[in-house]
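Sharing a structure, written as structure tokens. Questions coming.
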């Protein structure tokens, strides 16, 4: 990471050693089944972060007062999911082992699996808080186990029942909802009802927070591969996000599924960047 | 309809004889006065329906449990409204006479007239529930009687006073509002207030349900020829739509005015497709 | 203004002498630091106003019943802010001195300065009501004093403390918020809370109303240079806008920061045009 | 034409009486069968003409030295072709009867029929020079006789054999090519070979020149409803166009089938505008 | 292939048994390293083929006179290249074994490998004619052997030296050009020079023809993942393509790398469709 | 230039001291009078250079064999041309004084003035070779002397008669062409005729080479603020460019007027990047 050849997220200019939080990008979208482009998400968030301020009027905090390192994107081989996940896990391992919080920018949702593997290796009692429009609970997709449509199921393979808390879900096949409701995960349809209770119960335990941005209504976030009407507003998401950060012990996190090529207005990228800033200030 | 050369809407693979509901497309937009493209609506809804699931978590129902036939698009001659409406009426007649519910995908709003003619021929006591941003009550537009801006007025020519119930209206000229309020139609400005009462009064009577998607706020649905700010949210529309389906005797219906070319993000098409799915499951 | 070579805003065909309100455009965006295009705003609002009706169902009023002159765009030299502001002030002076209300269509927000200079010259006890996502309170931007990021600060240079009322603000650097809160301006974060009280206190005094359209959430208004998530809805803005017009003595006003090139769907232009219509009918 | 409410083409500010050439727009595209948008062509050519110079380095002439009137667009009723053609013919009649050259900006190619009717009424020995990618020789399209795909056939109905000279043609059905080659029209495939000979033979006779811009290769002109690969370059078209103007007695002309909405780069509009300038200077 | 749920390429309505040529689509682009979207190519070519005529004025032939079956797209699992290639090979095997010519529509260029495997299994003395901007001769890309950047190298692994003829090449790394020139392939830079000689030498031998559309200059074909300036014109490519079809014994072929999402004007899709039509008529 | 926070152009990773050529960006477009966006040019060229190879098959050379430093963009204040030009001159001074060749990426064409001032300070006998569609010879634009439309005139103010050689010019007002032809500059209309002779005469003398990319036909380069039909092809430009580099003593150069926001396909950026690579390898 010596010779830096990329733009960092605004205000994240600490070097690795002094940082508390370490950003990295996972530009991979080879298993996206509908409309690709999430590979461009992490870079867009960085290069457009110049349109943001470092100061948050929501939290009255400033990124310049924090110690955050942006370690750039991992170079990932398209069409080779296993190897990509291996490289992601390796990067997250390094950050976790240095006692820092890894903050991954996707990429499609499959990348979460690599980071969760790393977090789970360090925290065997890990729980996952999952904001998403989609269940992501299929066992396979056209025979493929490593797919964005299966990522939470793959996490469950590791963590088992009662460790995964899903919010905002409004799409999936019938079997996925049934499987969740059979005790495998906690699945809250449509919104964030019950989030505070969940956080109270988790209090103190290590949490991986994965935020699939398509939990937002497409009115607020059109730039994503599989937009799904009926989602939450930006303010609802910001509130829920800050609630998680304040009340949970977040040991690793990610923001994923921005496909900036699908929103020429640039708004989706701006939304993602603002959420990243708020997350960086809140955890 | 023997040799099928089109993609069907997801989960609508029944053949005509066994189906309860029959979809068809009316790709016509020659009278659109502002920005054309509604001709592409029906086809986009079908080809992009692969991005949806067949299962609705709102209704806990699945399209695979229903018997729906998608009979494809009618080939309509652009610039010849009378002939186009004749062909639409003919298709709707066939479906109605077979005891099935015709579900038309527009196309501009004028296409509704052909389907209403067919429904009125079978149900002389027909009422219309009309969700829209625009009154569509002009008597003519630059001298043309068959225009998207006159379609509800043309329906009134058949049905007469007290049979047309309009909701969500927020645009029209002064004379149109005055004409409506003079007892010709029931016109609810801006939202769905009073919908439940209307449905109670209509109970049992045959209803044609015409859903102009621009009743949605353009934030939720930018892909339409004449976007009009100040509309309803997706959730409000979904609620109202399910309410109609549950409490009215819908004998025919349509969804119109998606112009997918005007929304490069694909969100408007996804919104339309999801509403079609919910309608198919609710009626 | 004799030989007119432009399209007027719908329903604004009065000549200068008989008009109460005089529209003009200020197509300038040379200091825009992020994404340019506001120069195209005023013209787009005019040429797309044909998609609106002259009648407002919100106010039950019609533009055809008013006397409004659209005096066209000023030809402004790009890259020469001082000269541009001089030309804007001159146009506003002419209108004010004729006892009419100048209504300027931007352009970037810097253009407000020229019009405020004119209004302040006539009304030394002028106050400003400012709707915006951004504070616009920097003293300079990369050493430049005449910048869209400094425009309200430049207004304060003239008006001094206690005369500027800001609403909807959700972005700025830490120092700007601190400066505002040190008594220089009234700054209401995020929404329009307290607007009614402010208007009561201002009752009778001359008010300049400057509406930066990015106060809207980007879901409702993506077509702007610096979209900022977390804004108000169209209905909230419409309500607040009508409230200002009804309860304040608005002597001059502007609507700015539409960049139509950044929203290919045309929705942002339609939103801006509708607000202009409502403002024209309400003041 | 007294109260002008539109922008004129650059340098065309003469009034009707003193002008030699009179521009007008025919914003109609209701019979376009593939992708609409030609309705926006005439207006875009005008409003973007500000990006051109009035001076042509090709001809060393300047529009400011000519007397050209731009009489604006005709308001045409969408979906009513017969009436639209009637209004077009009427406008062209007025111009021709005043001893001036009508120069029509389309619109789809069908609009040519109205102007040819007017020219034929005045010049019974009229010939047509037709640049196009498509034959436009169908007798009907889905039963409709008034269609952009039939426009040259409709002209032939009036003029008869040996009066129509087609160049650049590279698309049509087999029967259309056969019909042309049976002596009905002169049809030059792919390019302008033989143009000089044709012009020599026509010398002195009145010529209607109709330029369908899709004769250009889509590389040079993507903004059209039915792009057809394999066309001529801009320089080839400019040469051929100037050749026609210099050697033929052009009594009326049109440029059509720009659909600016299909080329977001604006290049197609700039190409069309430049050709209009060169035509205005050359005839 | 019994229940068809897709649109066929225009004029390709023969059933499998009676057809000479069988079209199929390979919607895969998971190894695309720069800008994805080739997955949408095959479907776009089909659905937009309605904008073409079945008749070619270049060859004076008509698709309706041929017996061509369009067997639809293969459902391929994204992110699993090995499995995707297996499915492609299987489809090509079926077609070849039935004595017909497989004509594959990509998809990214990697898909060629599956079809070449099938052709090579039947024709051990197979040669490849390869039109492309890129060498595609890397041994691996970030460690991945199955990549669009390696596809011709993988073909060489099977066929060996002197069997691969590349034309139009204008991009690659230094080592790839050196490797080609060391006798592994025949590589003609920039254009089609020498094509006729090559075809004469190949006379009678079985040829696989793979046409990467980015051999075209991006002026003619912008809709592709890795546009490379300096390519051939449409007419040059059409000539070379017809030359191959007339003089070589083409036993299988493909057209690939159309990414329709990258060219909103639709021109690239129209270009691809026209080439497919000409190929279908020429082989 | 110590802490690098940007991506460098591919293969340009030398540090300043060891480099022969030093790239820098001048992201300024405040005087652009038609369509802005050139400010995004330099950054887009860099970030998209990853789509290029470092090797040129045209010259058989590789960037990895050269010593080139990419020193990043200058932060320039929008709307303040004088200050921007001062900062540009300062950067070019540093590079020239270190005995290296400054290679500037625009930005609008006005930025050339700053770099020419620096080159002229070092080389009083400087000549300029200027490729462009436009004369850029106005004395002022709406009273503004520092404008992209005046930049070559401002250079002439320094260099005087007989030092400026313009090629490819096809737009300007009549007076500009007359002024050029009165002996102030050498102006070659439309193409590169005479370039070799000019270079022979200049042999040995210091040359500033300014390449306005709109000299290309918009078919090849749509992404620019003022596209002008009738330009040269990419191959013609590449040939002419290499000719200049091989036969002239180029002491400083720039490439300007890419507006990547105006070409969503990305082709224009790819074209610009390829020309930059060829220039870097040829000088």
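Every chain is named by a letter (A, B, C, D, E and F) in the order it is written, and numbering of its residues begins at 1.
We adopt the following convention: contacts are C-beta pairs under 8 Å (C-beta built on N, C-alpha and C of every residue); 3 or more make two chains touch, one makes a residue touch a chain.
Predicted model only: the values in this text are computed from it and were never measured.
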Legend entry - Chains touching both chain B and chain F: A, C, D, E
Legend entry - Fraction-based call for chain F against chain D, same above half, different below: different
Inset, instruction - Would you identify the chain whose Cα-based centre sits farthest away from the centre of chain C? - result: E
Inset, instruction - Give, as an integer number of Å, the spacing between the C-alpha centres of chain F and chain C. - result: 38
Legend entry - Separation of chain A from chain D, taking each centre as the mean of its C-alpha atoms, in whole Å: 56
Legend entry - Interface hub residues of chain B, defined as touching at least two other chains: 35, 217, 219, 264
Inset, instruction - Could you tell me which shape the graph of touching chains takes: line, ring, star, complete or other? - result: other
Inset, instruction - Would you please name all pairs of chains that touch? - result: A-B, A-C, A-E, A-F, B-C, B-D, B-E, C-D, C-F, D-E, D-F, E-F
Legend entry - For the chain C and chain A complex, residues of the former touching the latter: 34-35, 169-174, 177, 189-190, 217-219, 222-223, 226-230, 262-264
Legend entry - chain C partner contacts - residues on chain A that touch it in the complex: 50-55, 57-58, 62, 217, 219-220, 233-235, 238, 264-267, 270-271, 274-275
Legend entry - chain A to chain E touching residues, read off their complex: 29-33, 35-37, 39, 75-81, 83, 110, 141-144, 146-147, 261
Inset, instruction - In the complex, go through chain C and note every residue touching chain D. - result: 3-8, 13, 43, 47, 264
